[in-house]
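The two complexes that follow have chain A in common; it is paired with chain B in the first and with chain C in the second.
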Partner chain A sequence: MKKYVLKRILQFLITMLIVSVLIFVMVRLSRTDPLAAIVGGKQTTPEILAQLKTKFGLDKPVVAQYFSWIGGFLHGDLGMSFKYQAPVSGLLTARLPVTLGLVFFASIIAMVVAIPLGVVAARHKDSPFDVISSVICLVLAGTPPFLMSLIFILFLARFFPSYPFTGSFETVPQYLLRMLAPSIALSFTMIALSFRMMRSNMIEQMQAQYTMTGKAKGLPPKVISWRHNFRNAIIPVLSVASIQFGSLIVGSVLVETVFSLSGLGTLLIDSIKASDYAVEQDIMMLLVALFLIISLVVDLLYALIDPRIRLK
Partner chain B sequence: MGASKKKSYGRFFTVPVVISLSILIFLLLCIIFAPFITKTDPNALDLLNVLKGPSKEHLLGTDKTGRDIFTRILYGGRTSLLSALGVVMISVVIGIPTGLISGYYGGKVDMILMRICDVVVSFPALLLAFIFVAAFGRGLGNAVLALGIVYVPMLAKLTRSLMLVEKNKTYVEAAYSIGYSDRKIIFHEIFPNCLPTILVELTLDLGYAILDLASMSFLGLGVQPPTSDWGYMLEENRAFLTTSPLMAISPGIVIIVFVVCLNVFVDGVEMYSDPSRRRMPSMKKLKKRMELIEHA
Partner chain C sequence: MRENIISIKGLKVGVASTSGYVYAVRNINLDVRKGEILGLVGESGCGKSMTAKSILRLHDEKRTEYQGKIIYENGKDILNMKEKELEQIRGSHIAMIFQDPMTTLNPLMKIGKQMMEMFRYHTSLSQEEAKAKCLKLLESVGVTPAEDRFENYPFQLSGGQLQRVSIAMELALDPELLIADEPTTALDVTMQAQILDLLRKLQKESGASILIITHNFGVVAEICDRVAVMYAGQIVETGESMDIFYHPRHPYTIDLIGSIPKAGLNGQKLTTIPGAPPQLNRPITGCPYAARCRYADEMCFTKAPDLQTLENGHTYLCSKADLTGEEAV
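What follows is the complex of A and B.
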């Protein structure tokens, strides 16, 4: 177990290193001059440009720029935004609750809805409930999150005209209410995929030999399904959910745009359009790190539950 | 041939397959023959007829510059489908040889190629595409290229796993003992046997590519105006969502219908290729068949 954990953590660190270099290089391949992004169309003199270059560390060699960026990143110093001329960390902390909240609430909603539905659908295979929920999930799986959000807004505007789509939020209840609709809209894709997987795993487990033994011993079907089949069926669903986490992170970029929430996603797209290097690389690094940390944690938990993995 | 097919249990043309396939063919025909269906130019501005509701001349109404929505959906389908096809082609050109070589040779080559794939997979899918677009600039070409590269690892890993199964079979040994070159063994002997599974995966990828491209165009990183594309149309008309919902949402409905039909069709193909999942004829029909066999 110890060996597996160490190996997995080492693998994580190496991946982070490669990813950071990749992000740094890709951002710098952009053909737009970063100075143009800093100046933003205002008139300048060569002296001011030189001053700005030193201020943002663009006069240093590229390798030194990389190390000062990654060193700062690890210490929580995220550099200065070109466009806003302000520390990136300030920009991010204001927006972090939106994106993290969206991803967190959406995954909770998805799990709470999809897992019980999947079990019930599997237990009553080919019943009207199973057919209808399977068809709905098929349609949801083919709907990108931004489209789901648009349809959802249409629905809310028709039936709940008082729902607050815009404006800021100060208190926690306001924040939760504002996050509710986008989180639901974001969760649909994950609901569809988790439901389908939960259902097919459950059906597979219900046909396994041990289920037959349970039936022969006279266990009630409910006990077999929920206590025995369910435990075996849910593990792969949770591990796939950790991969889907990545698509939730990207999905939140789209949902934020539609619901005009100022989160990391909208900031990322703006910074890409404005060639704002510092913001681009910090957000991308943060999102990839979030994704990798989640999959690391899930892998380790998985190894804890399933001895076949850690002994391999 | 026809008679023997009829007798085999389980059919390919189940109800969902027939419905999805006919909708797909219908949509494809409409998109291909767009100039014969509508005579309007998709980019023609008509400032006298702005934001009109559905009518005989404009089946789905017009947008904020008076362009016909129906025409733009048809022509936008060309952009969306062709660029999705481009994404899949790029992933095929890079992914399949990578997977085949990686699986066939194994060892160091395999390790290096798979580690590269692991790095690509460590990005949430669309995020990597965003990074590519940040590096090489916005636009449809770059979005297609970026997504194509994002799709490579999945395809490479699938091809590699198929190769690992195939390469230990006797026919490969036979080909080797006759003295065939590695290239001939990989591409002429083994590859055709991997093809059915790969084709199913590619059809699924096509659906994903349509969705991902729509997402990128929606964010303004893909198609640039005035080209019409399903994703970009949604962005263009988003402001009129509550005032004229049909106009704003119709490109989205076309996306959903197309992708869902594609998924249903692939599901049907997969079901057929795995006999244990094949849809059986009803008990009534089976009994009738039994009777026929007994009488004969």
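What follows is the complex of A and C.
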């Protein structure tokens, strides 16, 4: 187990390193001149430009720029935004709760809804419940999140006109309420895919030999499903969910636009347009790290569930 | 005659297919007596495993149709029991072990925990009492050190050990009948003998009946008191196992015994039975074995065979009453 954990952590660190180089290079391949963003259309002289270059470290060799960025990043110094002329950390702290909240709430909602439904549908295969939920999930899986968000807003506006679609939030309950609708809208694709997978895995496990052993032992069907089949069926669902987590991050950009929330997504797109190096790099690094950490956690969870991974 | 623990009467089992039900078990009459080891022998696909699973009604009920009766010793028909009633019989009165020990147990649950379930769902024993019983059971089947094995997961044990664990688990509640579906087929030869020895030893100690499903006449000769030979979903011959072994009457049994490889016949071809069993999705006229039978005449292809009974209780399903299989042995 120790070896497994160390191996996974090492993999995580190496992946982060490679990704950081890729991000750094990609950002610099952009044709937009970062100085244009800094100057913001004002008249300048070559002297001022040179001064600005020095101020933001753009006069240093590229390799040195990389190390100063990544070194700072690791120490929690996220650098300066060219466009806003302010520390990136300040920009992010205001927006991080929105994106993190969206992605986490959406995945929690998805898991809580999809997994039990998948089990119930599998246990009552071909029943009206199974058929109806399968059709609904097929529709949900095929609908893009932004479209789902729009439909959802129309629905809410019609039936719950007092729901806060816009405006800021100060207290935690306000925050949670404001996040609820976009999180649900974002969760639909993940619900659909996780449900389908949980259902088919359960059906497969219910045909396994050990299931027949359980039946022959006189265990009630409910006990066989929840005590025996469930754990076997959920492992692949978790690993796919951790990959889907990536598309949730992407989806959150669209959902936050539709619900007029200012999260990392909108900031990232603005910063790419302006070639705001530090902001682009930091946001991408954070999102990749988030994705990789979730994968790492799921891998460790995997080992907790499956003794064959833990003990080998 | 000894009492029956299970009495199967006119059992037919159909499996749903795209063109209606296919009857893989067709009109079976079979008694399992108290305290005996009964072998159910036949080639792959003859319906022996299906018959065995029907006794506990393990088939997917949505896709299976049962006809006939399976009378349990309390006089009730298992095929008519409510699910709850059946759950109480499964495991505690009639238990079953399966062919491949590697897949019989849940891979994610400790062996001990899986054994404890027997007590948890059938008795009111405390955790500690149940655990003590499980440890004893593991020792009695030679899975030691029991304390360690109790905490192991199935993948940490070998196939032979796992089959022992299955046996220990299934015998936990002293069932009156243990159904063993090809219990040695997935194991290597030395392990096969050990498992058979273990089954016989435990049977002697507990006095339970064992119904052992096998395609291997060697297994029958080794441990069975009586044997029933199955062909194409029917039982074609029953009797004391030594009687059947030395005086088979049904041509199929004669051929089956004749095809057992014998020691000392180096370089010779193995004897086989030519042809294949009949398709069960079509109606069978006459004797199902007629096409492969070397004694068959015209009548065998048109008239269903009669059940012949000898004085010692030996029965066989053949129109030719005068056959003896002496030459096959």
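Throughout what follows, the second predicted complex is superposed on the first by the 304 of 312 C-alpha atoms of A that agree within 3 Å, B and C clash if a C-alpha of one lies under 4 Å from a C-alpha of the other, contacts with A are read in each partner's own complex, and residues count from 1 in each chain.
Going forward, a contact is a pair of C-beta atoms (placed from the backbone, for glycine too) under 8 Å apart; a residue touches a chain by one contact, two chains touch by 3 or more.
Given the structure is predicted, the values throughout are model-derived calculations rather than measurements.
A:I153 contacts which: chain B (first), chain C (second), both, neither?
In the superposition, A:I153 contacts chain B only.
Would you check which partner chain A:E280 touches, where first means chain B only, second means chain C only, and both and neither mean what they say?
After superposition on chain A, A:E280 lies in contact with chain B alone.
Touching A:G246 in the superposition: chain B (first), chain C (second), both, neither?
First partner only.
Please determine whether it is chain B or chain C that touches the greater number of chain A residues.
Residues of chain A touched, chain B against chain C: more for B.
Taking the superposition on A as described, I'd like to know which of chain B and chain C A:A216 touches: first, second, both or neither.
After superposition on chain A, A:A216 lies in contact with chain C alone.
Could you look at A:F291 and tell me whether it touches chain B, chain C, both or neither (first, second, both, neither)?
A:F291 sits against chain B, while chain C stays out of touch.
Pick one for A:A122: touches chain B only (first), chain C only (second), both, or neither.
Neither partner.
Looking at chain A, which of its residues have contacts with both chain B and chain C?
On chain A, no residue contacts both chain B in one structure and chain C in the other.
Please output the residues of chain A touching chain B within their complex, sorted ascending.
Answer in residue numbers: 15, 18-19, 22-23, 26-27, 29-31, 138-139, 141-147, 150-151, 153-154, 157, 245-247, 249-250, 253-254, 257-258, 268-269, 272-273, 275, 280, 284, 287-288, 291-292.
Can you list the chain B residues touching chain A in their complex?
Result: residues 118-119, 122-127, 130-138, 207, 211-212, 214-215, 218-221, 234, 238, 241-242, 245, 248-249, 252, 255-256, 259-260, 262-264 of chain B touch chain A.
For chain C, which residues count as touching chain A in their complex?
Touching chain A from chain C are residues 56, 58, 86-92, 95-96, 98, 100, 103-109, 117-118, 121-122, 153, 155-156, 166, 169-170.
Where on chain A is chain C touching in the complex?
Per the stated touch rule, the residues are 208-210, 212-220, 223, 228, 231-232, 305-308, 311.
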